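Before we start, here is the structure in question, set down as structure tokens.
Chain IDs A, B, C and D follow the sequence of writing; residue 1 opens each chain.
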């Protein structure tokens, strides 16, 4: 009962996704008529649609029914809560929540708990009282990019961050992870860390202003890929594509295409389809009575032109790549 | 073109006035009934007692905010800052309670914060002579920023269980928020229909210059509308804190649009001077029903958006057709 | 309180009208100058030619949308659906171009889409007799949903470089979008100040009944305002596609607020009948300057929000103080 | 050919209902080519409704309209105008932000550049030409909101005159005008009639009707009671048929006492009111006369606290009054009946009762609640006394005829217990019967010890009610006439600026000065 508030990035009771099979064995067979409900943040971002594809793909394999719903827009906190409550009242067997904020799905979580419906918090915002969490380490997104800078730009320089919506957990963590890591050696200076509101246009405008003030900038880190693609355009418009690198987060297909085209330097892919599959797997394991650790962490990888092709595969092929990576 | 003009209304409108339920509200009700019938036909789960209570509960926060919005709109204004106002109140109450202050101190404090936010809006509008839209657009940013800065962007957890019980329990099987909002609606109805202030709201929104000359305290009337709106937003914030068990500084995002939509569906005119408490409640319930029904039918998000837009338009057209022009 | 009453204004207002630059616009200009002075003092990079062009470029999209919004507001309406309208137009143009259609077909097609969206709004308002706010709130959902459903939520990439060059190049060192919007502003100014239609906009927004009695085609006038607004939103969408190289179905999020803010800062009255093209342009530039300056100063997100709210309010108060009441 | 038909206009069996209310019932009327036809009746008799049907604003519930024997096809203002019908509306219809010229050409602008652009200059020229015979001082390029009511009315008249219509309906065109302006209008009307235009003239001013009209139709309660040839009848007879009873002509009765209740000293605001001082006694009725734009309205607004004076002082019952605050003025016992009823007087959507209650909430509320019953009783009583028609205090005031709205606003101040009433054109648009009632009311209020200032452009009215007459000229007091000295000649002599002759246009606002 008395769970400590969850911090998905630091929680000690955790397991790598790749170790599930090994530690808990086969996924128990789901009972006839099992229904799992997914509540997403928004479907206007490819990331969340891919997550849903993962749910669906795994559910299809396991022969369970899945319903995947999303709020009408990002930031529609109460709308999302209504959706979650309505799913509960319809008697779903397990629920996968990707909440808008750390708190907005709390009542749904409680009412599910009181009806013994397992709930998994999948990614992004973290409900402190969540008993189960599947997702990647948000801080790690930024840290990986920072690592790239430290390795590939040893001479240091000026960098800038385009942040997501103010006050959103993922945005804050990614920014903090990047900023802290990159400035550790003292060679890099974060000259600007400005809001892009998850919006391509806002990111473009912010990036062009930053560039104009700092034409000697080395690179940008954007909190998601949509914004990163806007930043790429701003960099091109300033004629600095050879000097300024741009990194995004999420690994949406457009980001891959842009990396291939040599425009976007890289993105931290957190493999949403796989994350969805893992989340569904975890749900079925919970339904089967297995006692999973509180956090199941899912993979992520920094994708650049060098390794883009090896990650640009789907389904089981991707699993293999990632399992191999995890084994190293 | 004008044979069923506004002129047709005098008698019914008058009777309606006494019952507090006018022809216009009947139109809104018909819109709601139409929506309910459609959903009931499509989803067996829809017309269960539990689901209906669910709808009321889900509509209660919007209804609470929309009540205040209705008064502001009637008095000729608009309040875009309700969401951040609620956030400030919620954060203030939560911080106090977490800091050990008793609930009975935190609640009035939150109310005061909400009313103070409203007062700032009202003063800028009434004495600064600025347009309500632009004033509250400005304070929308201002209040939100204040909440974010104070909390550092993090939600405040650790709300005492007694507080949550107060705002998130049930009375005789009816969720507390529904009861609270019903009581508030009654109060607002009384203010609007039975007190001098209500007369003033309607008069100032109807003809500000004439009201001024007739000795209506125009500035105070406007300010009062914003203060009440701020207070009700604060209560909505507290209800939400009760439900969520946390006070998030981003709480209340987009509330203004829902509240304005509820008031407008309920017959409030954004030109001022017109609006109804019952209409607004029905408007909020229509919006809540829509969400609930579409989720029950498992409509995909994009199509939910499509349906929401369509249904609002169709409901308004039905309403319009039933009550004639006015 | 009212010593510089309307009595004082007839003459100047009249002269101003002829030059297209009234007293009211001077107030807005002073607000802008105040903001510029502050930023120039705080950031050495602010007053460079390059940054000023940058500001213009960044303001151009909002200005374009706000021009149409100004006409709608003057005619007594409001258009909340501009963002999704732009998205529909952008997506349509992009899909056509990616499908191989020539640019010169795609652009007018996009315009037509935008104007059609506007026409739907206008018809619902003028013939459906619904409130503009609620109509365009409904179509806001409707149009957005259409764009999302058509694209499946994915942005369309692969915009031909010629198209991008057209909307994202520079003419004599001035960014094309700025030139485009300047030309559009001139056109809108002419429509508003020199044509019968412009007179009708002002008349219908100023006194609908009198306009009807005088034989003004009220319904067509309203529809025209929305159609123009839709067309301008479509152009704004195209400019953005040119800039970003992709047509995102979620493009144009919250544009309506920025556009309304620009128009209101520029002196448009949301009660209708009043508004100025130059004022709106200044309003858009004020908002653009704000964003630019705060980014240059690398103000943290929460404080940016705070500053935006504060500065809007202060600019409006300055404006108000300089031009007296009106 | 129908053009030989002498009846230019025929209204056939017109009926109109507003919900349960029958505003018109089988009204028929015909007007010959080139004649001026009066349309008479009490407030609410249905005159405006009839004319609005004629001009396409309302659709009749029954009957139809023929012009030159041709039945009007289609409805709406445009169709009516196309058939050659022009109208001056009782409630002035204009767009405040647009200029005079723009308003005059609203809906059919003069065009240039192949019809693309508005020819503003030509419009202003034409407007100036149309305005010249009425009031040359009105600037066609000034926004209409900067004009006073009287001038707006002149604009409205000029606009209709410009239309080159076959039928011109004038609904109380002179309600805000002075006799001098009526004189000029009468000349224009005669000219138009001579050109074959048929004119319908509605007015409550009997002398005007008898001067310009040859024939007249009398309405009562939505029905026609008579068609009369005016040269065969008398004013008294017409009034009797309108009202349904004889009106006793009454003389002036004075109730002025010694005690000064209002002391205005050196009140100044811009050039509208300059250094004005006077005293008002208990029970006294002080008439204020003057030409259009003389500053009378402004003076009342200053006293009532609606506008703030630049300098000066006011004492009410020997206590200084806070200036520029209507509430202070009301608390001190003042009440203003504004000239522009629709803009400054009523809240159109609210009921008569609510409009009455607006200034006396303190009287009609207890413990924070409105005492609705007491309020209704009092409102009903007042409105019965003032003869509100229909006597339904729950009806939105906007649905009443203009005269009845006026009664409700007077009721507002009586209900508020005002001791000093400031009446700005109190009988503007009020019928003869009600006018007599209002005069009686003024006397009754005076006898109760209330004091009144009555601004009026109607000299007979001033003569009828005033104990003293203050004449204003260009913002200053030209003189004060004691009861014995009051006469039309004396007033006119004071009112007209010395440099001008009586026939010249009156001085007006946006005149050349600034």
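The rule is short, and it goes like this: contacts are C-beta pairs under 8 Å (C-beta built on N, C-alpha and C of every residue); 3 or more make two chains touch, one makes a residue touch a chain.
Since we're looking at a predicted model, the values are computed, not measured.
With steps allowed only between chains in touch, the distance from chain A over to chain D comes to 2. Separating the CA-averaged centres of chain A and chain B is a span of 35 Å. Averaging C-alpha coordinates per chain places the centre of chain B 29 Å away from that of chain C. Here the CA centre of chain B is 43 Å from the CA centre of chain D.
Among the residues of chain B, those in touch with two or more other chains are 148, 153, 302, 305, 308. Shared interface positions of chain A, defined as residues touching 2 or more other chains, are 43, 72, 166-167. Looking at chain D, one finds that none of its residues touch two or more other chains.
Counting only pairs that meet the touch rule, the chains in contact are A-B, A-C, B-C, B-D, C-D. Those residues of chain B that touch chain A in the complex are listed here as 45, 50-51, 54, 58, 61-62, 148, 153-155, 157, 168, 240, 243-251, 253-254, 288, 291-292, 295-296, 298, 300-302, 304-305, 308. Partner chain B is touched in their complex by these residues of chain D: 18-21, 58-59, 61, 75-76, 304, 306, 326-327, 329-330, 336, 338, 343-351, 354, 357-359, 361, 364-365, 368-370, 372, 392, 394-396, 399, 412, 416.
Of all residues in chain C, only 1-3, 5-7, 9-11, 13-14, 17, 190, 194-196, 198-199, 202-203, 206-207, 209-216, 273-274 touch chain D in the complex they form.
Residues of chain C that touch chain B in their complex: 124, 128-131, 133-135, 137-146, 148-149, 153, 257, 260-261, 264-265, 269-271, 302-303, 305-306, 308-310, 312-313, 316-317, 320, 325.
Across the complex, chain C is touched by residues 43-46, 49, 72, 163, 166-167, 191-195, 199-201, 204-206, 208-210, 212-213, 226, 229-230, 233, 237, 253-254, 257 of chain A.
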